[in-house]
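What follows is subunit A paired twice: with subunit B in the first complex and subunit C in the second.
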Partner chain A sequence: MAASVDPLVVGRVIGDVLDMFIPTANMSVYFGPKHITNGCEIKPSAAVNPPRVIISGNSNELYTLVMTDPDAPSPSEPNMREWVHWIVVDIPGGTNPSKGKEILQYMEPRPPVGIHRYIFVLFRQNSPVGMMVQQPPSRANFSTRMFAGHLDLGLPVATVYFNAQKEPASRRR
Partner chain B sequence: MAKPTSPIFFFLLVILSSTLLSVKPNTTIIETTCKTTSYYALCVSALKSDPRSPTADTKGLAAIMVGVGVKNATATATYITGNLTSAANDTVLKKVLKDCSEKYTLAADSLRLTIQDLDDEAYDYAYMHVLAAEDYPNVCRNIFRRAKGLVYPAEIRRREVSLRRICGVVSGILDRLAE
Partner chain C sequence: MAIPMAMATPTDSLSRVWSMSSLKSSLPSVTCRLPSSSPPRPVTLRLPSFSGLSPVNPLISTGLPGWQSFEDGFKIIDGGGRVYAMRHGRRVPKLNRPPDQRKALLRGLTTQLLKHGRIKTTRARASAMRKFVDKMITLAKDGSLHKRRQALGYIYEKQIVHALFAEVPDRYGERNGGYTRIIRTLPRRGDNAPMAYIELV
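And now, the complex of A and B:
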């Protein structure tokens, strides 16, 4: 159990964004054919569209997915931590975010400086939250912890993160 | 031999030298700056119509372009609010228009922060603020799409694209500044 969150501790995902938790669900994230494993590098040009996310669980369970960047605008000076990229709630277990309610639409990673961590956090909900949750007014200075607190989501049930940095000009859109 | 050909020779020499003299010595800073953006024509026309541009450096040109964005976003917010009265009894449409107008106001605010960031030469902050400004019009579009029975108006779509392109130009100029 501790071993499976070790990369999150080493990568300071636990600490900077999340508290220690025990994973009790499975979440698989893919950008195209590439399966995301903790700390892997993804090119921003490969992440222009939302990833495919498959979550475990029963269809009578509801999940919330948050994608967040704690390293905005730069890892050395993350004064905009966190920059929230995607929020989907009320995702039935065993399905994917397209079956949930998208509170904040996906915004692709565009790190201006340095290597940023992009973290997917999955929570198991106690009840439907779609009607209660408001879209954050700004993507900057988001707090996954506080967001989870407001919706009584408890600790995460799964998390995975990737790294991305700005591509040289010729590779960008 | 020399006499009959010399007028032609002289004529050709005049044409050749006038061609050489009309070649511009350098392309302007505006043109080189705009070449690195995704919307060269928009960039050049927006910058050339500002009186401060000829004497501005790259940072100054970025600020001018951001100002264009502020005006554009503010005008759209005002336009959308202006449509509220014609929404009459349609409460869903009224709410959507109000939310959309707010998003464009937030976009303008974000771009104002960008001008401050440019002053501070905090280009990564500037970049993120422009990203935010660029994102707000998407939010408005999604609000329309999610509302039942509403069509996303073509005029708002036109303005969405316009602001996004202006922000794209600013991002391109910021890339140059950050190098």
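And now, the complex of A and C:
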């Protein structure tokens, strides 16, 4: 069934959003007590606040973090692929995104239809980016590849993704 | 058999014995000779009733020849199916349900997959529904009215059928088969059932 055992390939993260890369950095993402593994299920109510992200590396390197949703508005008809939720640049290695410059404010996952994938992509920057990038005009139809090409970020160094679906409105008894 | 009570009256008010003649005349007439002699003589009944599908009772001999054994009275009509003790070669997934419920379950699952694009279900159900999802997309690829009506007979919501027929030629025009993908995931907490995501490619 799966061509390769890499969960990013199986989940088509590599293919829809990214190109094949070799992970060179470690990134751990925590929503509250829950650690994100590839393909795990997170409730949108647990993801209201930005997650705690721990990036490896030494502090003279700068990183960029992007969080996107390639399945907007619905996985069967992704017209607005991708919907970008969060962009933070100039994060010093070994710290978290609060030390970086937030280009686009964090927006919580709100999948209207179906089960959406939410992807955290980490790039290593060659140089401080700060002034060169502004907020994208709209969150829809974002392209991570073009964003990385525009800022000359190259291939990602770490990626993780999770799934989320709309929670039923009424409390399940 | 309503016995008209009005007719069954005692012949005289003092007698406790009912007259049988009035009862007999009110009942439907049955021309049968009750066996008064000993049983070894075969009994012939001419009953005005339908006896078409019952196997001819060998005790009631109507003159048909030559039964050697019990099976001769039955004509076995089958499709040539073989019954094995094992499951060899049987490829239909039963999903622990009777056939009508199984069909309804698969119809519901394909409807939901075509509506939402990605659903999470058990691995057995996901691998069982692949065939039907592919079948629906193939019907949509053809696009004729007859195929549309066949799809409407299977999918529960007609807007989904119309949306499917509208977008499948663009989306799956070049792809030959394999319109779904199954990703296995963690087991369900309640019963440790192996789960999987199934999505449209």
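In the analysis below, the second predicted complex is superposed on the first by the 165 of 173 C-alpha atoms of A that agree within 3 Å, B and C clash if a C-alpha of one lies under 4 Å from a C-alpha of the other, contacts with A are read in each partner's own complex, and residues count from 1 in each chain.
One rule holds in what follows: contacts are C-beta pairs under 8 Å (C-beta built on N, C-alpha and C of every residue); 3 or more make two chains touch, one makes a residue touch a chain.
It should be emphasised that the depicted structure is a prediction, and the values quoted were computed from it without experimental measurement.
When both complexes are overlaid on chain A, the residue A:Pro92 reaches neither subunit B nor subunit C. Within the superposed three-chain model, A:Val113 lies in touch with subunit B and with subunit C [touch as defined at top]. Residue contacts after overlaying the shared chain place A:Val10 against subunit C, while subunit B stays out of touching range.
Within the superposed three-chain model, A:Asn163 lies in touch with subunit C and out of touch with subunit B [touch as defined at top].
In the superposition on chain A, A:Pro75 makes contact with subunit C only, while subunit B stays out of contact range. Applying the stated contact rule after C-alpha superposition, one finds that A:Trp83 touches subunit B and leaves subunit C untouched.
Judged by the touch definition given at the top, the superposed model places A:Gln135 against subunit B, while subunit C stays out of reach. Using the contact criterion defined above for the overlaid structures, shared-chain residue A:Gln105 touches subunit B, although it does not reach subunit C.
Of the two partner chains, subunit C is the only one touched by A:Cys40; subunit B is not. Put simply, subunit A uses residues 74, 77, 113 to touch subunit B in one complex and subunit C in the other. By the touch criterion given at the top, residues 72-74, 77, 79-80, 83, 102, 105, 107, 110, 112-113, 135, 137-140, 169, 173 of subunit A touch subunit B in their complex. Against subunit A, the residues of subunit C that register as touching in their complex are 114-120, 167, 181-183, 185-186, 197, 199-200.
Across the complex, subunit A is touched by residues 36, 38, 106, 123-125, 127-128, 131-132, 135, 138-139, 142, 174-175, 178 of subunit B.
Put simply, subunit A touches subunit C in their complex at residues 1-2, 10-12, 39-41, 71, 74-77, 113-115, 163, 165.
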